[in-house]
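Alright, structures below, take your time with them.
Shared between the two complexes below is subunit A, which pairs with subunit B and subunit C, respectively.
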Partner chain A sequence: MAANLHISISAETLTSFGSLNFSNSLLTSSIVTVLMVSFFVLVRMSMGKQKNGLLHPLQNLSEFIIEGFYGMVQGVTGDHKKTRFFMPFFTSFFLFILFNNWFGLLPGVGTIGFKEKVEGTEHAVLLQQEISVPVAEVQASEKIDEAAVETVEANEVEETANEAVETTEEKSVFVPYLRAGTADINTTLALGLFSQIMAQVIGIKYLGLSYFKKFFNFKDPIMGFVGILELVSEFSKVLSYTFRLFGNIFAGEVLLIVMSALIPLVVPMPFYGLEIFVGVIQALVFSLLSIVFFNIATIGHDEH
Partner chain B sequence: MDIQLPQIIFQLVNFGVVFGAIVYLLYKPTQKILDERAKRVADTLKEVEKIEEEKEKIQSLKTKTKREADKEAALILERAQKSANVKKQELVEKTKETLQAEMKKAEAAWKEEKKQLVAESKKQIAEAVVEVSSLVLGEKINAKTDEKLIAKGIDQVLQNI
Partner chain C sequence: MYSELGIGLIMGFGMIGPGIGLGLLVGKGLEAIGRNPEATGKIQTNMILGMAFTEAIAIYALVVALILKFV
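Let's look at the complex of A and B:
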């Protein structure tokens, strides 16, 4: 059963367009993007329409989302002007991450795909390397002319290694068509970079060039050192965003794959529920942290 | 884990598309509707406040007018009462005077009538007495003396009446 497990830490390439390796996670993200944009178009079209004297349900939903998020962001900023500016970022981060997380839980995602021959791929090379080590040792032992039994054993090992290499060359790996967008480090890195770059842009917008005082402060050595720490923390935030989201979602996928492989019936269900919850929490954590960092960027270092 | 710049850029574009769609299709129109609604509610509340103020003003004006009217009514009533009292007094006085005059008139008339009656009675009684006496005494007593006696007798009779 365990032999059927397919776990790959990086997204699998489906096809290539020049330097862009179009992976299954890019395909999933693109589908999610198209679905989201289509949904928003429907929402926009429903606005102002009434059904039996009542607002259209999609308008109600959009108002519910916007009002709910507004309250959350307002709780962080405490300033309506800032809240209005940050709202689209919060909404976009939350919904994009949430739907990418949840899309990975749909039936067929990660399970429907094709078999790809791994000839010449790193899997086969690794297998060859693992087995070629004892062969080399045995060949060395041949040179010093040891006992015939050992030669025989060495020959046997060599044969086994050759067989293994032949088998590996014929082997193929399963490549799913779809993989959760957020289970690819490129997606989470892109989001983390966007969030951190926007934090710098917002900081400059609100504080002007004095924003950089936070990093380059030469009033005294302590402040200078604090500035260096701040600068490093800006980069570490990108890493923190990237690996938190990727780690949580990828770990969730692995958990589901393992549970489904061990006991396919009923047992994975609670874990699916858990992953739905984790999807929401991770989307919320990413969006709220972004807004917190945006808000911090708007406050001068002296005000801290 | 292979980090590839083209994939990162592709995902940034994907996110940018979602961001744009959210801004122009979801956030701005919804926020506009919510702002309009909030403005309408605020306007209505302001209007209600205004109406409430107007109502209070009218109420105070009503109370003031009522108070003034009550005051005026009380004044008129008092004045009317005073005037009525004066009139009453005057009437009473006038009535008393008229009554007294009437009484005096009646008394005078009564006295006159009494006098007449007395005189008439005296005459009738005198005639009756004369007639009776003439019948009793015959012709012995002359007329002059008889008259004195008769008058005396009549006075006594009258005193006894």
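Let's look at the complex of A and C:
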């Protein structure tokens, strides 16, 4: 794999429980979730305790974070009651997406893994072959050497006919153990669906059944048509959320891989800085947009 | 081979619109901040939101390019 770029648009499967596939991005997001939960449990345990006559530093830190978020949500809603209700969503969206984005930048994520033989689905194998692009023609000879070594290994492991050896050698797929959670379209789709469904729930909570007047209005044909447009836009928002986050983070990963393959020294460093920045901005955009749509859902159609 | 050409064209032409849009957005936002520095926070929030929407268009082009390349 030294001479080849490893880029895969879909998350690779690590193990599967029956028909449930456990992918590497799921592993990463589970790690992030465990870390976040343990951090906040620590914060809860340190609350009210004093250290040298001062507040516990963990409580101080989390109060600083929460105050900043409160101000941001208050700026959108302009109503303290709503802000207190929307705050948990904003905070968990922001922190979860932010840490997932940053986790993908850690060294070892996406580079440490194992080689899987044939086991992967036909589609994944084909994808892998198509994607493995040789970086430099110079390294082609090395690649052939590697291939020869691998064939020898395959010969040792499997004592079958030559044809079988060739096919298994061809179909080995590199599977990294970790992959940034938000660089998998399933994660971002789940987040987008959750945010959009929650917007409907909040709309019904604040306006009751009159919330649906926004979509189904039979009083006059123009408003009826507008309602259909509103209905379609609710679904397109899910797609928009999904592809914005996935596209940004996955494109960042591809950018880093290509840059590191072209010039491995010093040159990728500013791009790492850019990716850290993009991680913050995308987390902010996702959570802020969610809050804006929640807020729009609470306002009746006649009022604005 | 033709799909590679398509990818190049998508990324080239697809970035024109969002590029112009982002330039206009940030330019107007900075103008507004210069005229009314007290409203910086509010202008910045709305500017970033608008930038996210504009950028989404570029991301759609990117997604099409990715699909052409990898699927």
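As a working rule, the second predicted complex is superposed on the first by the 247 of 304 C-alpha atoms of A that agree within 3 Å, B and C clash if a C-alpha of one lies under 4 Å from a C-alpha of the other, contacts with A are read in each partner's own complex, and residues count from 1 in each chain.
The rule we apply is simple: a residue touches a chain if its C-beta (ideal position, glycine included) is under 8 Å from a C-beta of that chain, and two chains touch if they have at least 3 such contacts.
Quantities reported herein were computed from a predicted structural model and do not represent experimental measurements.
Q: Let me test your reading of the model: by the given contact rule, A:36 touches which partner, first (subunit B), second (subunit C), both or neither?
A: A:36 sits against subunit B, while subunit C stays out of touch.
Q: Look at A:9 in the shared chain and tell me whether it touches subunit B only, subunit C only, both, or neither; answer first, second, both or neither.
A: both
Q: Counting residues of subunit A in contact, which comes out ahead: subunit B or subunit C?
A: Looking at subunit A, the partner in contact with more of its residues is B.
Q: Examine A:87 and indicate which partner it touches, taking first as subunit B and second as subunit C; both and neither are also allowed.
A: The first partner, subunit B, only.
Q: Would you sort A:75 into first (subunit B), second (subunit C), both or neither based on which partner it touches?
A: Second partner only.
Q: By the touch definition at the top of the document, which applies to A:195: first (subunit B), second (subunit C), both, or neither?
A: Neither subunit B nor subunit C is touched by A:195.
Q: Which residues of subunit A are in contact with subunit B in one complex and with subunit C in the other?
A: After superposing on chain A, subunit A residues 9 contact both subunit B and subunit C.
Q: Can you tell me which positions in subunit C touch subunit A when the two form their complex?
A: 41-42, 45, 48-49, 52, 55-56, 59-60, 62-63, 66, 70-71
Q: Please name which positions on subunit A make contact with subunit B in the complex.
A: Its residues touching subunit B are 9-11, 18-21, 23, 26, 29-30, 33, 36-37, 40-41, 43-44, 47-48, 59, 62-63, 65-67, 84, 87-89, 91-92, 95-96, 181, 184-187, 189-191, 193-194.
Q: Of all residues in subunit A, which touch subunit C in the complex?
A: It comes out as residues 7-9, 72, 75-76, 127, 130-131, 240, 243-244, 246-248, 250-251, 281, 284-285, 288-289, 292.
Q: Would you mind writing out the residues of subunit B in touch with subunit A in their complex?
A: For this pair, the touching residues of subunit B are 1-4, 6-12, 14-15, 17-19, 21-23, 25-27, 29-31, 33-34.
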